[in-house]
Amino acid sequence: MSKIIKCTILDLSTLLRVTYTGITVNQIRSAHNVRPPRIKYPLWHLQRERAKDDQQLTEDNRAFVKEAVHDKFGMPAVIHGISTYEVRSPLKEDSVERKNVEWHPKLKRTGLIARKLGNYPMWSDNGKSMLATLFQVIDNHVIKYIPPGEFDPPRKPYSCPKHKKELGCLLVGAESADPQYYTKQYCGLFYREGMMPKKILGRFLISPEAALQPGTPLLASHFRPGDFIDIRGKTIDRGFQGVMKRHGFHGLPATHGVTKSHRRGGNIGHGGEKGRVFPGTKMPGHMGNRYRIHKGAEILRINHKYNVIWVKGVASPGETNSIVYLHDTILPLRKHKITPPFPTSKEVEDDQLIDSYKEHMYKFTDPTITFEEEK
Amino acid sequence: MLLRSLKLHIIQCGFAPVVLQVSRTCSNMPLSDTHQSPDNAVSGKQVKSERKLVVPSNSRFIYPEFLPDPKMEWRNSLREKLERLDMIQRRKHIDIPEFYVGSILAVTSSNQHAPNKATRFVGICIQRLGCGLRANITLRNVIKHVGTEIKYQLYDPTIQKIEVLRLEKRLDDELLYLRDAPNEYSTFDENMEAEYLPEGTPVPVNTTLVKLKPRPWRARWERKNMKGLADLELEERFYKRAEELATPWEKYDLMKQYRRTIPEEEQKEIFAEVCSELHEVEVMRKKLKRKKVFVKPTRSS
Amino acid sequence: MNQAEVSQLISKLRIRISPRHKNLKCPEGPQGRLNKLRKTVNALFKYERLELNYTIADETRGYAERLISEAIRHGDTHKPTMEMADYWIEEKQLIHKLFKVLVPRFSDYKTSYTMLYRAPKAYPDIVYPRSVLELRGNPFPSILPQRIDQRNFIHNILLEEAKKAYRAEKYEQITKSLNEQDVVDK
Amino acid sequence: MLSTICAARKFSTSAVTNHIMKLTRLRVVDNSKIGKQAMAEGKPPRCIHIYNKKGIGTIGDKILVAIKGEKVKAIIVGCVKEQKANIPRFDSNNIVLIDDNGTPLGTRINVPIPIMLRTILKEKTFSKGADYTKLLAIASNYV
C-alpha cells in the first residue's frame, strides 16, 4: 500500500516538474500596480533577544558558559556607577582614518545616549533656585562608523538632499550585556569590534572629520557646563485622551443648559463648500509615546565620577529612568562659541575633578551665600 | 581604611564627652536592638568605636527629608544618592537642628533687599514638606496683629542660621488650622530667648487645644480629624456630613500604606550612610566651637 | 504626597509591586474593592492554592504578603496587627492558622511567602488571563512539572566536552607561560 | 475685619487661590482718613482694576480701588495667596492708598510689609513718572 502511495507521489512530482518547465510565464505588470519598495531597515535593525526559554543547562555548564564569556570580554565591574564589564582594548589597528582637523562651527559631533534620572533643585550664586533634570551617560561606546558614501539611510528626508553625500553615520551603544541572552545575529554586530552586545543602540549623523574609532568610550565630559543641548526622547504615554488634556481646550460650560458635553471640543468644521473636517484638526486621540525634542537646554553641572549631567528645566521628554539622546543644539544662537572637545573628550583619571559647575552657579561645597552691602 | 578608623579613633579619644546630637532624643524612643546588646561590658574603647556606627532608631523623625519620595515611578537610586551627597555637603556649612512641627524656630537668611542684607524671622513651624533638597518649612507668627507666614527651603544656600527657640511637638503633623485660630495662638516674641532642654530628656508634647474662630474657615476642619482642635461648636449636620465622607477602611488598606512608605530595610541603608557622614560633620563643628572664644552676640537696631 | 510617611515602619516585601493599585471595577468604590479582596485573601489562607483571574490574584498577593509579614514582625500580642488580621480574615479560625501555622512556617523564609503562576486560558474563548496563586510550603504537589535529568541532553553533553577542551587549552597556556618565565629568570 | 464680613455671608467662598482680582475686598493698612473711615464703617474697598497684564495682583502691583464712592489708586503690600519660598504671606490682602504721583495718602503704615517691596518699588519708579519710594519711608516694620 505504502509503496503504491510512494510511487504515485513520485510520479506526481515528476509530472509537475515537467509541466512547470514546459510553461514559462513572464510576468509583465503595468506601472500602476508597482508599489514602492518596502522600507529597507538599517543593518542594526535585527532580532535582539532570544526567545525566553529555559536553556536546561546543568549548573556546571552554566558556570562554564559564564567563564568563557568573562575570559573573552572581561569580568563584571562597576565603572562610573554602572554595573558593566571590563571590556579591554577592542581594536588594535585604526580602522577609521584619523585626520587632525581643527573644530569649526559647521562640523557635527556625535551625541550621547543617556538615562533620565529625575530632577531636583539647584541654586545660582544670587540665591535663585531652579529645577535641574539629571541625565546619566550610561556606558557609551562607539560601535561602528559608516562613511558618507556607504551610508544609505532607509528614509531620506526630502528637505536635506546632501544627507547622503556629506554626513556619515556613527552607531553608538549603551549598557553592556551578557551575550548569551541575545541572538547570534545581534551579537555579530559587535563581534568584529570585540565589544560586548549593547542593550541600547543609537545612530548619530556626523561629519566625517568627527569620526571615532569603534570601541571609543563616550563620557559626560563630551559636553561642558554652560553648553546647550537638544534632548530627544519618548514622551510619557498617556493613552487615549480627550481634547482638554491633549490640546488644552477649555471645554464647554458646566451649566447654562449644557448636557453631556462638558469636556468636549465643540465645533470641528464648517458647512457648505468647506463641508469637511480639515486635516490636522485637533481632536481626541492617543497622547504621548512619541519622540519629541527639547531644544536648547542648558547644562548646569557635570559629575565626572558618575557621568551625570544636570540640565536646566524639567521640560525634557520621557519618564524617569527612560532613555534619551543628547545632541549639540541646532539652535543657531546657542551653538558652541568656543572649541568643544573634538571629536570627543578623552578619559582623564583625576580624583580631584568630580564636579564641574557652570559659571554663577552655587556649588554645594561653597559656604553660605551672603550679599555685599552697597555703598 | 585603617587610617580612617585610626583618625576617627583619635577624634573619639580627644573628645570623649562629645555625643551625637541625635543621641539626646535616643532615649525617648525605643532603642534599636543593637544599642541594647550586652556588648557594653567590653572594654571602653571598643564600645565607643562600636557605638558610633549605631544609627538611632528615630532618625526618620529627625531627618525625614533624607527619605526619598516613595512614588515608585519617580525613584532612581543614583539620583537619590547624589541628592543625599549634596544635602550632606550643604549641612557641612549650616547646622540644621532637630525640630518638629510645633517647634518655635528663628531663621536668619541673607536677603538682597534688606538694608543690612540679612533678615531674621521667628515663628512656629506649622508645616514641614518635601523630601531631598526640596524640603521646606513654613513659619508663622503674628506681627502687629497681622498673621505672617514665610516658607523656607531648608537647603537654600542663602539661609545663614536656623535656631530652635523652643523644641516641642504638637498633637498634629500640620498646624494649618492656626490660620483660622485667634491671633494669640500664633503670637511669639521676636526677641525670644532660646529655651534650653537638658540632654536626654524626651521632646515635650504640647497638648494645647486650639479654639478656632467661628466659620468660615480655610478648610473644613471637622472633616480632617485633627487632634489638636477644641470643640468646633458646629451644627449637627456638619458632623453628619463629615461622617458620610470619612474613609474608615483606609487604615486597613495595607498596600496603600506600603506604597506611601519607604520600607525599613531601605531606611536602614540610607541612614547608615547619612548618619556616619553627619557624625563627622558634628564632630568637626564641636571642635571648631571650642576653638572660638564665646562672645555674646549683640543685636544691632 | 511628596514625602514618605514615617509614622510606622514596614518590612520590605519580597515580591514585585506595581506602582499603582488596580480598581477592580467596583460600583461600591474603594470599600467594595477591599471587600472583594478580603474574600480572596481569606480563601487563600483557607485553601492555600487558588485559581483566579490574574488581576485580582496579583492584587491579593500583595495584601496576603503584607498580612503575613506583619504577623511575623509583631506576633499575636500586637493589637493593631490583630485588628488587621481580624479585618482581613473573615473566618475567625483562620486567624489562629495565621499566627500558629503560617508564622512558624514562614519565619525563616528568605523569599516571598506566596507564588503566582500564569494559568492557561481556554483556547477558543476570549477570557481574562487566569493565574494560580498559592502559599509556599503548601501540602499539594508542585504546579511546575518535575525536572528530568538535564545531564543527558545533547547540548549539555556537548558543552561538557567543550569545557574539557577549553580547560585543557587554558592550562597548557598557563604552564607554557610559566616555563617561559622560568627560562627568562634563569 | 475681613473675617467679620465673610462671617456675615455664612457660605463658603471658594478660597483656594485667594487671588487679588477685580471685586476683591481689600484692607487699607495706612492711617489715611478715607481708608480709616471705610474700614471703620465695615465697607472695605474693592479692587476695580489691576495695572498689569495678568489681571491678578501680587505684592508691589498698582491697583485702582473703589472706596467710599471714590476711585483711588493703591499699592498692594501683602497677599493672602500662597507665595514662593522666602516671600511672606499675610492673613489679609493689605493695600496702601496713593495719589497719582505715588505719594501715600496716609502718614504711617501699621503692619509689616515685605522687604522685597524696597527693590520692587524702586524699579517701578522712573525719573519723570510717579515716585513710589515715598511709601517705603512711612513703613514701620519690614518682614
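Things to note:
In order of appearance the chains are A, B, C and D, and numbering begins at 1 in each one.
Everything below uses one rule, namely that contacts are C-beta pairs under 8 Å (C-beta built on N, C-alpha and C of every residue); 3 or more make two chains touch, one makes a residue touch a chain.
Not measured: the values here are computed from a predicted model.
C-beta contact counts were set side by side for B-C and A-C; B-C has more. Distance between chain centres (mean CA atoms), chain A to chain D: 53 Å.
Per-chain Cα centroids separate chain A from chain C by 35 Å.
Work out the mean CA point of chain A and of chain B, and you get 43 Å between them.
Shared interface positions of chain C, i.e. residues touching 2 or more other chains, are not present.
Counting partner chains per residue, chain B shows two or more touched chains at residues 73, 111-112, 134, 153, 156, 158.
Along chain A, residues 129 each make contact with two or more other chains. With chains as nodes and touching pairs as edges, the resulting graph is of another kind, matching none of line, ring, star or complete.
Those residues of chain C that touch chain B in the shared complex are 1-6, 8-13, 17, 19, 21, 30-31, 34, 59, 62-63, 66-67, 70, 84, 87-88. Residue ranges of chain C in contact with chain A, taken from their complex: 150-151, 153, 155-156, 159-160, 162-163, 166. Contacts from chain B toward chain A in the complex involve residues 73-76, 78-79, 82-83, 86, 89-90, 92-94, 110-112, 115-118, 132-134, 153, 156-160.
Looking at the complex, you find that chain A touches chain B at residues 81, 117-118, 120-121, 123, 126-127, 129, 134, 136, 303, 306, 308, 319-321, 362, 364-373.
For chain D in complex with chain B, the touching residues are 3, 6-7, 9-13, 15, 78, 83-92, 94, 110-112, 115-119, 140-143.
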